[in-house]
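Encoded as structure tokens, the structure appears first; notes follow it.
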């Protein structure tokens, strides 16, 4: 579904990603783990068009997308969430989701169309229900606790009807219970046929949820395989122990 | 013709002192609160008037400069305490309009207090002038440049070498971090406004003396020129303000001398700024992100 | 005894400035793009219309939309510049834009230089010259059309997109909103209404000069926009009414007028940062509740939002 | 349309209708002009009393008020007192237009005076003209203010005449052949520059350097440096007294040539700002301080008392505007605006604070002698008088 070929990214003198090759298969939940500063978020930013790669190609369903602007990539069917949640703070939950539901109308001159059509309102309400925010439909999103804001984040990503969903640390800063709820939510999403790519800091969470994993360290892929294999991999343990042991714990 | 090219350079450097003087204070106050402090120009003009009154009563240039700076410092801190600190959380356009309204208020109050008409501010010092290779320079010019640039170096040393200055730089980065480091944030904001506003007052008096005129709307041009300078330099950078002031003064001097029929002076200043911003959106000395 | 022509003059001015403010509200209120040079767009519209009708004898009815289109095109340029600039840089760049535009009006004879353009014709319709009350009606018809556009925009994906880029550009991109495109739209649409307002102003005054569009006028428009309230279709008309009527009411104060006005402004902004009817203000909540036909739950939460 | 759309459309229509109704109702109640024949005779006045131009606005107001008080203390006009109704225009054309309607319809003035600049005066002038209320412009120079407007008059010099006089004086009194000109970029400076240049060239001199500056300028060194490089033998500065700094800067740069200024310099502030540097500067003006006329001296004294500073040209012009109106009302024997306008046109040899107004031309511009004044020991003194009709006659 998504193929990353020889991807490189440099920030000034810093090699953030070097020669990354990856493949995402349709229907799976793919995990990308690694210590802090490994380049996970950079990878996401490049796939979704927020950053341009120094070299390399990204192929989504047979199409090269590495030079496309983010909005175009969204239209092609790749959605993302942000590690630091970015809800439209002064808008209500409903308005947040509705904005995303209309993603096809932001191109050309379609923006003159009214949003107040049953089609869109229903779709937005369905997604609100799916992520379990029915009780907060008309609440201004900036006032909700972080856990619920993470749900808005996922809901917005779902609203653009993605084929591939990129989740950037969906559990960062959450309690165990909240993480478990998110886990259930991700599973439900996957049942709807959405392929998921997950960046996680929380290794046990990723191991539990994913079908396959890549491990990034200092911008390089150091391991690949099923979660069980990967966490036993020597290089991976070294990377975590040598780098930041603490991050495995958190 | 060669001498007139050098003369224009000297004219530009002299003019730059006006810009440096105003921008330095502005960059310090902007750096700390991230407010477009238009009322800084109001502080500047009050400094000029206070210095003028002090000169009329004492006849001393030095006392005039000191009183101008002190008076301006008090006004600056009062503005910060009464208007800016309570409005810190409001969106930037609100503080901007408040600042512009304050500036109007300060100008009009000065007009009501000291009269609408300009005042001649001629000091008793004799003026000597020298001609070197066709280029004329006079003692007042040297005094003006010397005071402004030594004050600039003083501020730069303060900001980079003293504990207080360094703490302020830390605060510019991040208020929360500074708090967690045990810095007394409010006191630091006060001190920055004190220093910045004193500079504004000092420059008001100096500009008044140098051009021998002060008037209630002397801040009008300065208010926005000061912004141009700190934008050129990259917001919050002290070296940037000095270099930005020099660039603006010198380029203005040459541009209006040779291309004065194309655009007026202020439009040139803004044009230079916009061109630089298009090429370097973070300003000359600003950090890119 | 208030005289009618005086009142009509004031109302016409309110209508014209409300139109320019409505444009600014699109750029600043909905899309969150700071614009401190709106008066320049008003000036561009005014001079376009004045030059077309005086030098080329083109009908007012053609010049009016052309004035808007001219401002629209320049708005696209400013929109493109704005893409690269962050908040405060953008604010000062738009100030600079205003200074440069009026300087061009002043330095080039096409625009009448320091003398301005005189004898701008009043529009005629079916042989009637539109002046005083007829002209006021024309202004308010144009304003009503603009308000309808505003209402329609609020309810279209355009409004959604503009609000999204105001809140968070990255989030907007991730929802399929091309931020660059909508920034350009925000500036150019906002400029369009300013241009039309400029044309209306030129044919109302029949004489325009560069200084009518200086930076202080931009500040006046900004004040109207914020006092009336951002993100509200009624905000501009309320803001324009306050800003134009207040000095008239303060007129007996003569030389204390500006001082009083400045103090009033500071106090109002300090205690009503959302303006009279801006999104989240008391009146706004009441009106929304009226249109929804129910007291919504956002009331209390909005009050919390004010504090945050 | 759904319900919500309907509500909004209704709301918009309601707003428009309400405004129309308010206007209509007021139109209904709008009574005919009340009795203008009783009480004091009201004269309107507008000037920038606040903001950047407040200095001149307040000078003009003081000057006009002194004239009104003087006339009232000498028995008034037609046995009635004069009353000045004044408003602040903040130098905004919009406000000047609103004030015009307010003065004419609400205050029902019989005539008005502009103590404001060209932009505001020009914007308002067509309203006074259309409404048929005489407007006397004190000192704004834009020719269009009076052009084709039978109800608009000007007591000050036109830029055309003043500029011509400057060019004439430069060649005639200073034998200038290479002239450098710095002028302000407003109608005042531009008309002076264009006409001074034309006149000087006509008389055989050439303009070797010219540059324009904006109102708040304090640093003229760039232009002066370029001007000096052209070796001029006379420097003209067309600005206001706050630009006196230019005199000082020119001298500092070693330009020891005659400096010719204009009526904008005509204020004691010139000497306050330029100090000793002002000595020797000659200005083209119409206010003759050495005048032996009693009321000129009275005015100068009274002004010093009221305003706390010596009078300037702006104040004297506003004074004369009131004087002209009073004379015209007296002559017309009525307060009918049309009669007043006609009377102004028939006035001759009016002694004013700014000198003798010979008559008003058909275009409504005052024709008067122009004086040159020189600064000696920080005071203005008579230097020469220009009476050549070719120079002093306004173009229309």
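By letter and in written order, the chains are A, B, C and D; residue numbering begins at 1 in each of them.
Keep this in mind: a contact is a pair of C-beta atoms (placed from the backbone, for glycine too) under 8 Å apart; a residue touches a chain by one contact, two chains touch by 3 or more.
Not measured: the values here are computed from a predicted model.
**Q** Compute the centre of every chain as the mean of its C-alpha atoms, then state which one is farthest from the centre of chain C.
**A** Comparing chain centres, A lies farthest from chain C.
**Q** Of all the chains shown, whose C-alpha centre falls nearest the centre of every protein C-alpha atom combined?
**A** That would be chain C.
**Q** Any idea how many Å lie between the Cα centroids of chain A and chain D?
**A** About 71 Å separates the centre of chain A from that of chain D.
**Q** Go ahead and note the Å separation of the Cα centroids belonging to chain B and chain D.
**A** 35
**Q** Taking each chain's centre as the mean of its CA atoms, how far is chain B from chain C in angstrom?
**A** Centre-to-centre distance between chain B and chain C: 32 Å.
**Q** For chain A and chain C, what's the span in angstrom between their mean Cα positions?
**A** 40
**Q** Touching two or more other chains, which residues of chain B qualify?
**A** In chain B, the residues touching two or more other chains are 108, 264, 266.
**Q** Among the residues of chain D, pick out those that touch two or more other chains and give their numbers.
**A** Correct list: 50-51, 54, 58, 185.
**Q** Mind pulling the residue numbers of chain A that touch at least two other chains?
**A** Those would be 116.
**Q** Chain pairs in touch?
**A** In this structure, the chains touch in these pairs: A-C, B-C, B-D, C-D.
**Q** For chain C, which residues are in contact with chain A within the complex?
**A** By the definition above, chain C touches chain A via 152, 155-161, 163-164, 167-168, 170-180, 182, 279-280, 296-298, 301-302, 304-305, 308.
**Q** Write out the stretch or stretches of chain B touching chain C in their complex.
**A** Where chain B meets chain C, its residues are 34, 36, 83, 86-87, 89-94, 96-98, 100-102, 104-105, 108-109, 112, 224, 227-228, 231, 235, 261-264, 266-267, 270-271, 273-274, 277-278, 281-283.
**Q** What does chain C use to touch chain B in their complex?
**A** 28, 34, 36, 81, 84-89, 91-93, 95-97, 99-100, 103-104, 106-107, 215, 219, 222-223, 226, 255-256, 258-259, 261-263, 265-266, 269-270, 273, 308
**Q** Once bound in the complex, which stretches of chain C touch chain D?
**A** 1-11, 13, 106-107, 113-116, 118, 133, 136-137, 140-141, 144, 147-148, 151, 205-209, 211-212, 237, 247-248, 251, 254-255, 257-259, 291
**Q** Give every residue of chain A touching chain C within the complex, in rising order.
**A** 48-50, 69-72, 74-75, 79-82, 86-92, 95, 98-100, 102-107, 110-116, 138-140, 142-143, 156-157, 159-160
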